[in-house]
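Note that subunit A is present in both complexes that follow, paired respectively with subunit B and with subunit C.
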Partner chain A sequence: MPTTTFSEHIPDLDLITWYAENNKSVFAFMSPWTKFAILTLLVVLVTVLHSIILLISIYVAVICIYLIAGLPAKKLILWYTLPILFVFSLIGILVWGEPGFPLISLKIFGLTAILTDKGVLIAISLLIKALTMVTFSLFILMTTRYSYLATVIERIFPAPLDQIFLLSYRFLFLTISMTAAMLKAVCSRGGGVIYSIRMQGKIFAEVFALVFIRSFDRAERVHKAMIARGYKGHFSMNNEVPAPSQYGMISIVIFSIIVIAILIASQLKWGLNIL
Partner chain B sequence: MAHIHLEDGSFTLFWVIVWWLCALVLIGSALFLLRIKKTKDVKKITMAAFVTAASFAIFQVQIPIFGGVHLNLTPLIGILAGPVFGTLIVFIVNIMSAAIGHGGWGLIGANVLVNFSEVIVAYLSYRGLKKVTSSLFFRAGIATFVGLICGNIVMIAIILISGIQGITQSTLQILTGLSLLAAVNMGVAVIEAFITGLIVAYIGKVRPDILEGTVS
Partner chain C sequence: MTSLKTPTPDQLCFQPPTALKELIHVDCASHVYPDGTIGIHQMCFRVFESEIVALCGPNGSGKSTLIEHLNGLLTPSEGKIVVRGRLIGSKEAADLWKDVGIVFQRSDDQLFAPTVLDDVMFGPINMGIPYANAKSAALSALKAVGASDLVHKLPNFLSGGQKRLISIAGILAMKPKIIALDEPTSDLDPLHSDIIERLILELKNKFTISVVIATHDLDFAARIADRVCLVRRGSICAEGSPADMFYNDRLINGAGLQPPTVVQLYRAMCIEKGISATERPLTIQQLVEVTSKKIVE
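Moving on to the complex of A and B:
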């Protein structure tokens, strides 16, 4: 299993791609269009839903799908670090002072900050929403082959956006391995040791600058090689992406009806206590 | 992180759509500008793709300062690629980030607007400072810091306009909370400005042609 990881809490693209190319679960044979349609509906659903119980149910369902697909659970927990950090860095400050039953009271610089039950519920709700989307996004990435993803990108985005996207996706693995090699070289020469912020900053800045410089060098070489092979600004994909199956279509229709019903109910304030 | 990646569920559906539409107008304008200039220059597209890949790869590296900092280098994208290609690059980087859970799919629109402000302000500041100082380190460092300040202001403005779902505090209370967040972000922005300054100075020493508008 190939891995190129700089830190345990950032999703490893090599590992993700390995799963995408080697996954043999039922989801690997599902049409990417079905997966992206469900992703879009899921975004709408987590945006309009407020009920903690319903959100937890959706999250559990997504986790089950992730595990049934045979994807790594331990890695997923590590990869949750940054989304959790993003949620709490924003919400962690704003939930203080929400009306409700007080749970914690802190005095900071003469000001009293109160954390209430409603504040905690808001934080939990947003956290579950974020984790649901992270899990489903990684599930899509780890069960969809590169050729399918590339064809979907080419069909969705206009030129030259699709070209930049497709090329950058290909270059990404090259750049990541190049960055990893340079960091390894720095560490093997004692560069990983913190001397001072200035020294540490300088070392990393030089590594990053070299990544850009070598990227440009490679871009020039790749550009010349592509021109020599007849590239004229259009990187076309010849793969056929399977259309949604009958079951896929039924799932999309049912899920769409549920999302539209919840959307209408939330707009008309029906069943407010449930939604 | 010098700005926050907003996660799905933070805004109401109405504001998700509004910010997506604003971002699509920006991206559409960038594509329109490229088409009227008839910029189907294959080399520029290849370079832009490499800048995208490099900035995304660098984002994956944790710098062991203050317990670990990740840099987005969006101002550097502006300096190297310019505002037109920069807009397309930040859009792609945001999609890639959303795919690995760093920012929501629904919030890509808002995140693109935040990043775009960083790209354009850093680009203009970097160009404008040419008359003031010839030091690449100071030009890039100042441009990055100013760009990140603007990114933070745009982020705060977007959050104040949209509101966070479930939060019932007054605008002033939210502003107070966000100011605290912005202060922390500015601490990281100083590190990012310092590192970007060093990166640009190093590129200027080794490959000055890259800074002379290879992509832009």
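Moving on to the complex of A and C:
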């Protein structure tokens, strides 16, 4: 199983692609269209839902799907670091001063910041929403062969977005492996990511600048090789992506009905204390 | 290479074959890069049908620049290049990439598509071939290079040798008349070099494709080439059969190269045994035959 890791906390593209190509679970045979439809519905659902209980239920369901697909749980927990940091960087400002029962009061530079029970609920709710979406997105990436994924994206997104995605994919791998090789060279001579940034920040900045310069250089060579094979500005995927099965269609319909029902209920304030 | 005078070839011992059809004619072509570096200078070079011609020269001698001229990626600033009757730089040569395929030195630069099949199909689809036929051409090309099992693999999970095979398949799928390979065996282990070598011979013998190889591996050129062109400072300083070139120290050293290992070994053996080096073996097999014969004598 190939891996290119700078840190255990950064999602490893090599590993993700390896699972995508080699996953043998039932979800690997599910139509990518079904998965993308469910992803869209899930985005809508977690956006409109406010009930912590329902959000936790959805999150648990997504985790179960992830585990049933045979995907690595430990890696998932490690990869949660970045979304958690992202959410906390947002809620660090949002949660203070929410109306509700005050829990903590802090005085900073003469200003009083109060953390209320509602503020904590907002934090938990945002965190669960983020982790649900991250988990489900990783589940899709790790159970869908890249050729299917690329074809679906090419058909969904307009040009030039689809072209950017298709061409940047392999380039991203090459840039990552180039950076990994340079970091390996740094470590092989007694350096380290944190240590070298602290001790030789300037050199390290130059190393990363070099990665970008080399990337441009490589991009030019790739472009030249494409022109040599008749590239005229459009690259298309020609894979046949399996259409949703009967069960896939039924699950999309049921899930759509649930989402619509929740949307209507939230608009009409029915069952407000649950939703 | 920033300032050059018109070269005077040390020796041009190549007699053009009259029976073979000329496919490429490079007529005193020069190319200067925007930064002033001279890529090729008054280069004269020809490629005939069904031959393997090796461009041998040290790094920076202009081999890769010449190769990039052959399918119109670069156009000469002076002189002219005619490929199958079409002048490079003219409108009629716009689709020259269909006739002359280039396999680049770094396979990672060539393989950009998500899967091997998509990459090999890229050329045929650009040629306007319908999807089903393009797929069939791609599968045939992969079979020809012995990489059918890699069809659904992702390029980033392939070894260097496998990537090189896929790069060749990507060109072969377009069914070109000429294939130019830039350092085809660089960075490869002996096993994969051997596979590439056999494949190049097959391109010529089975598919009747003319092959141009840019290399500084003279052992490889000695085994495979029908004709060798020595490149020095952007020009061809000598050309002829491998034996004529590689047993001529003045030419080889003048081009900044060293004779192939077999040549060096044969000469050393002849000196050691006190026998005259009358034969000119180029491969290990030929060396074994010649030395066995001499020992018997």
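FYI, the second predicted complex is superposed on the first by the 260 of 275 C-alpha atoms of A that agree within 3 Å, B and C clash if a C-alpha of one lies under 4 Å from a C-alpha of the other, contacts with A are read in each partner's own complex, and residues count from 1 in each chain.
FYI, contacts are C-beta pairs under 8 Å (C-beta built on N, C-alpha and C of every residue); 3 or more make two chains touch, one makes a residue touch a chain.
Everything quoted here is computed from the prediction, not taken from an experiment.
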Partner chain in contact with A:A265 - subunit B first, subunit C second, else both or neither: neither
Contacts of A:D14 with subunit B and subunit C, given as first, second, both or neither: second
Contacts of A:V222 with subunit B and subunit C, given as first, second, both or neither: both
Subunit B versus subunit C as contact partner of A:Y231, first or second or both or neither: both
First, second, both or neither for A:I124, with subunit B first and subunit C second: neither
Residue contacts with subunit A in the superposition, subunit B compared against subunit C: B
Contacts of A:I63 with subunit B and subunit C, given as first, second, both or neither: neither
Touched partner set for A:L78, first subunit B, second subunit C, both or neither: neither
First, second, both or neither for A:M249, with subunit B first and subunit C second: neither
Contacts of A:L167 with subunit B and subunit C, given as first, second, both or neither: both
Shared subunit A surface residues [contacts with subunit B and with subunit C]: 166-167, 169-171, 174, 218, 222, 226-227, 231-232
Contact set on subunit C toward subunit A in their complex: 68, 71, 73, 95, 97-98, 101-102, 104, 106, 108-115, 117-118, 121-123, 125-127, 131, 134-135, 152-157, 170-171, 174
Subunit A-facing residues of subunit B, complex: 1, 4-13, 16, 27, 31, 34, 40, 42-43, 45-54, 56-58, 60-65, 68, 70-71, 73, 76, 80, 85, 88-89, 91-92, 95-96, 98-106, 159, 164-169, 173-174, 177-178, 180-181, 184, 191, 194-200, 202-203, 206-207, 210, 214
Subunit A residues touching subunit B - in the complex, by the definition given at the top: 6-7, 10-11, 13, 16, 39-40, 43-44, 46-48, 50, 79-80, 82-83, 86-87, 89-91, 93-99, 118, 121-122, 125-126, 129-130, 132-134, 137-138, 140-141, 158, 160-161, 163-172, 174-176, 178-179, 183, 192, 194, 197, 200-202, 204-213, 215-216, 218-220, 222-223, 226-227, 231-233, 263
Contacting residues of subunit A [partner subunit C, same complex]: 2, 14, 17-18, 21, 145-147, 150, 166-167, 169-171, 173-174, 177, 218, 221-222, 224-232, 235-239
